[in-house]
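Every chain is named by a letter (A, B, C, D, E, F, G and H) in the order it is written, and numbering of its residues begins at 1.
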Amino acid sequence: MLKSKRTPILPPPSPEKKYEILIDSEQCDGCELCLTFCPKDIIEISEDKFNSRMLHYAIVIKPEECAGCRQCERLCPTVSLYILETEIKEVINNE
Amino acid sequence: MLKSKRTPILPPPSPEKKYEILIDSEQCDGCELCLTFCPKDIIEISEDKFNSRMLHYAIVIKPEECAGCRQCERLCPTVSLYILETEIKEVINNE
Amino acid sequence: MNEKLKIRFSGRGGQGIKFLGSVLVRVAMAANYYVTLTVDYTPSVRGGPIFCDVILDSAPISYPFCDKDADIFIAIDQKGFERASECIYEKTVSFIDEHTIANAEEIIQKGKIHRVPITRRADENKMPKSANILCLGFLSQYLKENGKIDLKEKYYDQVLNSMPERFRAINIQSYQLGQVLYKEYVNKSQ
Amino acid sequence: MNEKLKIRFSGRGGQGIKFLGSVLVRVAMAANYYVTLTVDYTPSVRGGPIFCDVILDSAPISYPFCDKDADIFIAIDQKGFERASECIYEKTVSFIDEHTIANAEEIIQKGKIHRVPITRRADENKMPKSANILCLGFLSQYLKENGKIDLKEKYYDQVLNSMPERFRAINIQSYQLGQVLYKEYVNKSQ
Amino acid sequence: MSPSDQISIPPEALGHPLIDMLNLHRFIFCPGCLIGTVITSITSCLKERGLTSKDYAIVSGIGCTGRSSGCFKAPAFHTTHGRAIPFATGIKLANPKLKVIVLSGDGDLFAIGGNHFIHAARRNAEITVLCINNNIYGMTGGQVAPTSQIGDITSTTPYGNVEPPFNLVSLAAAAGATYVARWPGYDTLRLQKSIFKCIDNQGFSFIEVLAPCFVQYGSKNRLGDAVEMLEWLKKQVRIKVDWPPHQATFDFKKGIIICGEFVEEEQEGFSKKIEQLRIKAQNKKIDKLIKDSE
Amino acid sequence: MSPSDQISIPPEALGHPLIDMLNLHRFIFCPGCLIGTVITSITSCLKERGLTSKDYAIVSGIGCTGRSSGCFKAPAFHTTHGRAIPFATGIKLANPKLKVIVLSGDGDLFAIGGNHFIHAARRNAEITVLCINNNIYGMTGGQVAPTSQIGDITSTTPYGNVEPPFNLVSLAAAAGATYVARWPGYDTLRLQKSIFKCIDNQGFSFIEVLAPCFVQYGSKNRLGDAVEMLEWLKKQVRIKVDWPPHQATFDFKKGIIICGEFVEEEQEGFSKKIEQLRIKAQNKKIDKLIKDSE
Amino acid sequence: MSKARFQEKRILTTGNYACAEGAITAGCLYFAGYPITPSSEIAAYMSRRLPQVNGTFIQMEDELASITSCFGASYAGMKAMTATSGPGFSLMAESIGLGVMLEAPAVIVTIMRGGPSTGQPTNASQSDVYQTRYASHGDYEIIVLAPSTVQEMYDLTIRAFNLSEKYRIPVIVASDGILGQMMEVVNIHSNIELVERKKPQVPPEKYKPFEAFDDDLVPGMAIAGTNYSFYVTGLTHDIEGNPEMTPEAAEVLIKRLCEKIRKARPQINDWEEKHLDDANIVILAYGINARGVPEVVEQARQKGYKVGLVRLKSLWPFPDELMERIGQMGASKVIVCEMNNGMIIREVQRFRHLFMVSGITIPTTIPFSPKFIYEKLMKEV
Amino acid sequence: MSKARFQEKRILTTGNYACAEGAITAGCLYFAGYPITPSSEIAAYMSRRLPQVNGTFIQMEDELASITSCFGASYAGMKAMTATSGPGFSLMAESIGLGVMLEAPAVIVTIMRGGPSTGQPTNASQSDVYQTRYASHGDYEIIVLAPSTVQEMYDLTIRAFNLSEKYRIPVIVASDGILGQMMEVVNIHSNIELVERKKPQVPPEKYKPFEAFDDDLVPGMAIAGTNYSFYVTGLTHDIEGNPEMTPEAAEVLIKRLCEKIRKARPQINDWEEKHLDDANIVILAYGINARGVPEVVEQARQKGYKVGLVRLKSLWPFPDELMERIGQMGASKVIVCEMNNGMIIREVQRFRHLFMVSGITIPTTIPFSPKFIYEKLMKEV
């Protein structure tokens, strides 16, 4: 495992937004890029699960801490990962 | 004709040497390079003579003033011209 | 009559299928057979299908491919399987990975098909990259117990031991794992 | 019978031989003949040999070269002459430059050979580069006086006058010089 | 969202915002290879600029990166090895309205294709060239590239490479490119900023993207797996502003790679100039010209 | 010696000191073309260094300058258009004792042959490349070259050239040449000094010799005859010392051409490095290697 | 097919200029080339003419770039052309294969000069005839036309564009140094048929770049800058353009690519014939070297010899059917005249079961004169 | 001719390695190449081996450079080789002509893969057979060998060097992706005949680089770094190397260059034959695709069919004499089997006056299996 996981890009704090990290595990290669560059250690590679190509894929371990910086999304080389952003206020209004 | 004929390369003064300018007029193209860059105006293109290719060739008009800088020799693109250098002293000695 | 054996291994790029074949032909050569190894592969990015045919013969070999006449077919990847399975005929014994290959039975419908957890076993043993040599051990055990030709353990040993030091231990381990898997498998299925 | 005339011009690169040919075919086209012009040349550095064949015919032309059947051969350079002279046969009338070509008589030995001071005359008149159009004038005069076909002065005029302005005067002058040369030459040699 | 939920999300359902602009089945790169990252970076820039597939064309040569063009849902061209740039030039000149992007490998663009690169840069042809510099020939099995460093072990330098690499940034600048940048492939934010500039630049633009191939380059030179190599790369990267291109050091041995934007110049592009020629030409009389050239 | 005497001196009798090293009948250049001058300059340097034809080889590509190799009495090679440098590289590597000189045109070396140039420079292959830059394709009838200047009229730019030229000096430097100079062709003294340095340099050396073609370039751009053009050239030349290569302006329109020596570096040459590889290789065991690669 | 109207006229011009003007007539708007004797005048002419008609001329850094950029331009919707001669054609070898695979229309003019290698740059030859057919690696069919007159330099260049658009394939006009440089009168017709490439036959969502719906096996061609997205590749591919690495995929694709040309042979093959009905001996020639033959045939006929003439105006695909017809019509011998060491004669020899084949095949640079051919003929009658 | 001694041994290796080791055996000291699947292992092997034997390996910037630098090395006295596959060979087209003109010995290995264009890089094919013969412009003859086994990859590479040195011409070894990658046992013989190029036969003052004194029409070759001065050019030249632009010069030179190979056909042509004496049908194949044929022939013979076999080991110059012999011996049909759309079959068709010709010519990437050939054969008997 890596010693330094942080990238210099700091996520902007944003209390009004909620982020969902969506991962397509069939598409995911388990390459670890997303988690390596995530400033918040939110993603992990599953130790036991694997997809049909026998690849252990990425899973989200603490979605609530996501800062929405989208570094993972931009990096994912297989287009498997996507940050779904919802305005918390709006959500409340709608309910 | 050219306005400036001088090149920046000055011939070294050399009283003990004599220079003969040998030109192969069959080989000469009459291109004027030698005379253009000669600092002493020693060569000219013949106005009336021409060689078998109908080219008016270079002739020497005042050989005695040649400074032996060999600029003409180095420039001649047809290897038609050659400066024969003789040490005047030696010549005297030999005589 | 000639002693002759035709084997096809298939997988995907990066699984070391060609290496597996080359180890086997080396063993066979040590055991004094004529051998050929041919490879069918795709560019080395992200695991395209690959298969290789190994032929052992007591006489010189002319045509070096399986042509719907493989004695043994081993497949450890879906795409490789799909591309390679046309080698099978009524007498082929196929060992098909249990996890990585779907609907093998539908596609093949010929010969004898065994499902074996090859890649899973390698993965479980933390050496997913050694599934190829695991296959070798598996095959050697099969040949010993059922094959037309048994290449003799000592030749396997000889070749495995001549490998560069840094790979030797893991290869021998995978090889043995393969032998164990076969025995387990046989126990389970028979 | 067809009216047909085959002419070859030869010289060296830079003498404008191809241009000469192209002017002549233009004249002939104006005079309503079928024409072809073919060129044989070498790279444009320092005057390699060049020749061009002009064919005028009252009927369509198939083979566009002189093939030991030139009616007229004009040569103004040694190398060009050497390369081109095989067009000559018993009936060819050759006009060979007096100064630039040696031993033409030895090489040709066929047809009628005239020696003409073409390049010298151009040089003397300070237009060494116009020897080609001088040839045209010379030829036109010859055709007028002796040729199988006379292309008529008006067509020459028409083509010469349609040239770009900056060349027109000198070309017309050279053309006339050529005509004069022919007349002088004829007076001298007959 | 719990891990187990994820297994069933198919790509379409995932709703990735770029999915409509990409052909996922043509992502054939090794797990962790940044080629995929660069593809999505370009795609998001195109999307953000509001460009659709009728506005651009993607051209690549041959190699791992060469396979990238097929990943774009667009007019996408997989040409011959080294010839992406002239192909792209043809497209651009025939339809100057298109944004033409060349995405190819270091070997493709700078070994066999080097001449086209310098000439397109010289001409200031309005194309954007992104080079994925993985320091090796990935596709063909890890042979030395003109970007491999001295001492590198590759399939064809078993005793260590003795040829100094090109500095792509200096070369591009010397050849005349009007936009030149270099970024590590993981630095997607800066990379995307740069891609925007390329798209907007009215001349030849070049970005060198660092993405050393862990499969062919890393393994032979014992630099670890995909992630370890990026970490190793990261330590060497120095981002500079206004740095002169001929001093844009790229040296794995010294551990220094200067990144940044090195050239940013406004120069009228080639197709614009051709447009002007047409106007010039049309002011002359046709018939006269035909005669002239006869 | 009176003019009339000269007519009868045949080349042999003239006793020109270089006559034995040259093939006069292969001087086929236009009267006043400096290609001949450069040939004799090289020859006198070789002679002065005491080198004979077994010590060197001359290679050229195709073009007017391409015809120059035949002028040398030496192993002399007239190759294919653009390929003089790889041919020369082969000679050098096969026999590193030879001085290998490439003498070719700007189109040959930098249009079609540009890639070989930058790669040989990068490798620091020990060859000397002299480019006669006449700003045009001479041999084929005056088409635009990558050295023609903006606005130039040529056979293929009847409305004026719109492509900026390469700066050969900057390009050579950026590609990695270890000796780079530029001289006007008439400045034979400085040129010869430079040629000596090339011969002595243990790496890739490059001299750009300015010799605008009056036949194809001069005439179309109304710059006068051979002599007038040189005069025109002379006015623009500025000789500089220690000038950085990326600022070596060459601009006929501004009338400034910076000449001088721009790079002079000691770097071990390519064939020397290959020699070292051999030693390395021979310390490993052959049989083991064969097995490795199986 | 569209009719275009031009101003009828007669111009005296060279083969190279006629070729270039033919391209303009055909609608060529893009020329990328690299100068080479004896083709350079085509580039020079295009550099003047194209900007006048809103076209684009570019002199590339070499021939590799020239041909490739033509395919790029073609895929951006322009009719594109390049011109070269043997050495440059050699450099185009690789990308010609790309053109075949991408099914990109483009015209390549090659003005044959003396070879091999640099050879005789200013001289003519017919020694690149096999090169035009087989220079590129892999199995492919290609179309090669062979003009004999300056008029045909014009006409066949137009035809080359038409065939290229129709069959989506690079078409080669193989001329030579003499024809390129020589001057003759060209009649510019007022009514010229121009062919435009087939457009996509389905909307963008359904479009597959290599799906051929019609009998001609030619898929509709989308171009960049429209609403169509497509991926085209030099790799063996399926109808969607996906790289496919199976033997079956290779067979399917290559067979279609070859078959679309093979089956169109009746439309493509073109020749002039004379006196074939009763000919006992047929002289077969093409290009500039055919110029001496008509005279010979007339002369021989006058002497009572039953001699016929075939002048090929298209060289490839080779007109097998014509050979068979010559056999059926009863000729007992075909004499092939070519300015090379024997190329087309090898194709004709494939029909030695139908007639004897002899050749006047000389690697020279001047077309055979009527006298020379007649002499040789007399030895064969 | 010299005998070289090597350590006798048997090694299990791939075709590409065997080829490379064959080159080393033959005395190759220079390799310049550019990687391309499926030939790259040759370069990789050479990069290891050459420095061990004091040779030089260089990976060039492209194939244009690779082949040209081989000719340079050759003229500096080294035996030189390059290896590539179709796309790279296409790029070598121009300079192959240079090699022919300079009469520079060198060996070019082409490992055929699926084409055209990028095609199927990892698959085998035989579709570059015509390219090996005709890629370059101009009239020339060339030698092409076609190995069928890994052993022949070794043997024929050595032979390629020998022929190349003997006739001073680039010699091509045309193999394919399967053979290059496959493993078999190679016997390394202890006694191998090696040929070295003819040296200048006169002292430096009298030396003319293209003057051939002997019947074989091969001039002695001077190299750089000796006392010989010489000028060699790709332009048409006289015996001194002076560029000569006359038709006569072209004819003289080209005829000699072609003739030196044509007249050596009996020495160059090489094939394996079986059962020709009484064969009614002959199966002709070559390269990897010949591997299935022996089984078929034996099987057919067992069934009583008079089937014979010819396996070409050299493709070019094409063995016309062999065809004539097949005709004389009474075969009524020749079936050509090749993994392409029909190439060598066109050559064989030139002998249709002697026998019928049919073909199994498929642009596939897998060699024909015995079963498949047998089936087809049964339709022909």
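Note that in this section a contact is a pair of C-beta atoms (placed from the backbone, for glycine too) under 8 Å apart; a residue touches a chain by one contact, two chains touch by 3 or more.
Only a predicted model underlies this, so the values are computations on that prediction, with no experimental measurement involved.
Between chain E and chain H, the least number of touch steps comes to 1.
Ranked by C-beta contact pairs, the top interface belongs to chains G-H.
Rounded to a whole number, the gap between the C-alpha centres of chain B and chain F is 27 angstrom. Mean C-alpha positions place chain A and chain G at a centre distance of 58 Å. Once the centre of each chain is set as its mean CA position, chain A and chain H turn out to be 58 Å apart. Centre to centre, using the average C-alpha position, chain B and chain D are separated by 39 Å. For chain H, the set of residues touching two or more other chains reads 12, 37, 44, 48, 51, 57, 61-62, 64, 87, 94, 97-98, 102, 117-118, 121-123, 183, 233-235, 245, 366. Residues of chain F in contact with two or more other chains: 27, 29, 31, 33, 62, 67, 78, 80, 82, 111-112, 114-115, 119, 139, 141, 146, 158-159, 274, 277, 280-281, 289, 292, 294. Those residues of chain A whose C-beta lies close enough to touch chain C in the complex are 50, 52-54. Touching chain A in their complex are the following residues of chain E: 1, 3-4, 6-7, 9-11, 14-19, 22, 24, 27, 29, 31-37, 39-41, 44, 186, 188-189, 192, 226-228, 230-231, 234. On the chain F side of its complex with chain G, the touching residues are 62, 78, 80-82, 111-112, 114, 137, 139-141, 143-144, 146, 155-159. Of all residues in chain D, only 42, 48-49, 83 touch chain H in the complex they form. Taken together, the chain G residues at the contact with chain E in this complex read 11-14, 17, 21, 29-30, 32, 41, 44-45, 48-49, 51-52, 54, 56, 58, 60-62, 64-66, 68-78, 80, 94-95, 97-98, 102, 183, 222-235, 241-243.
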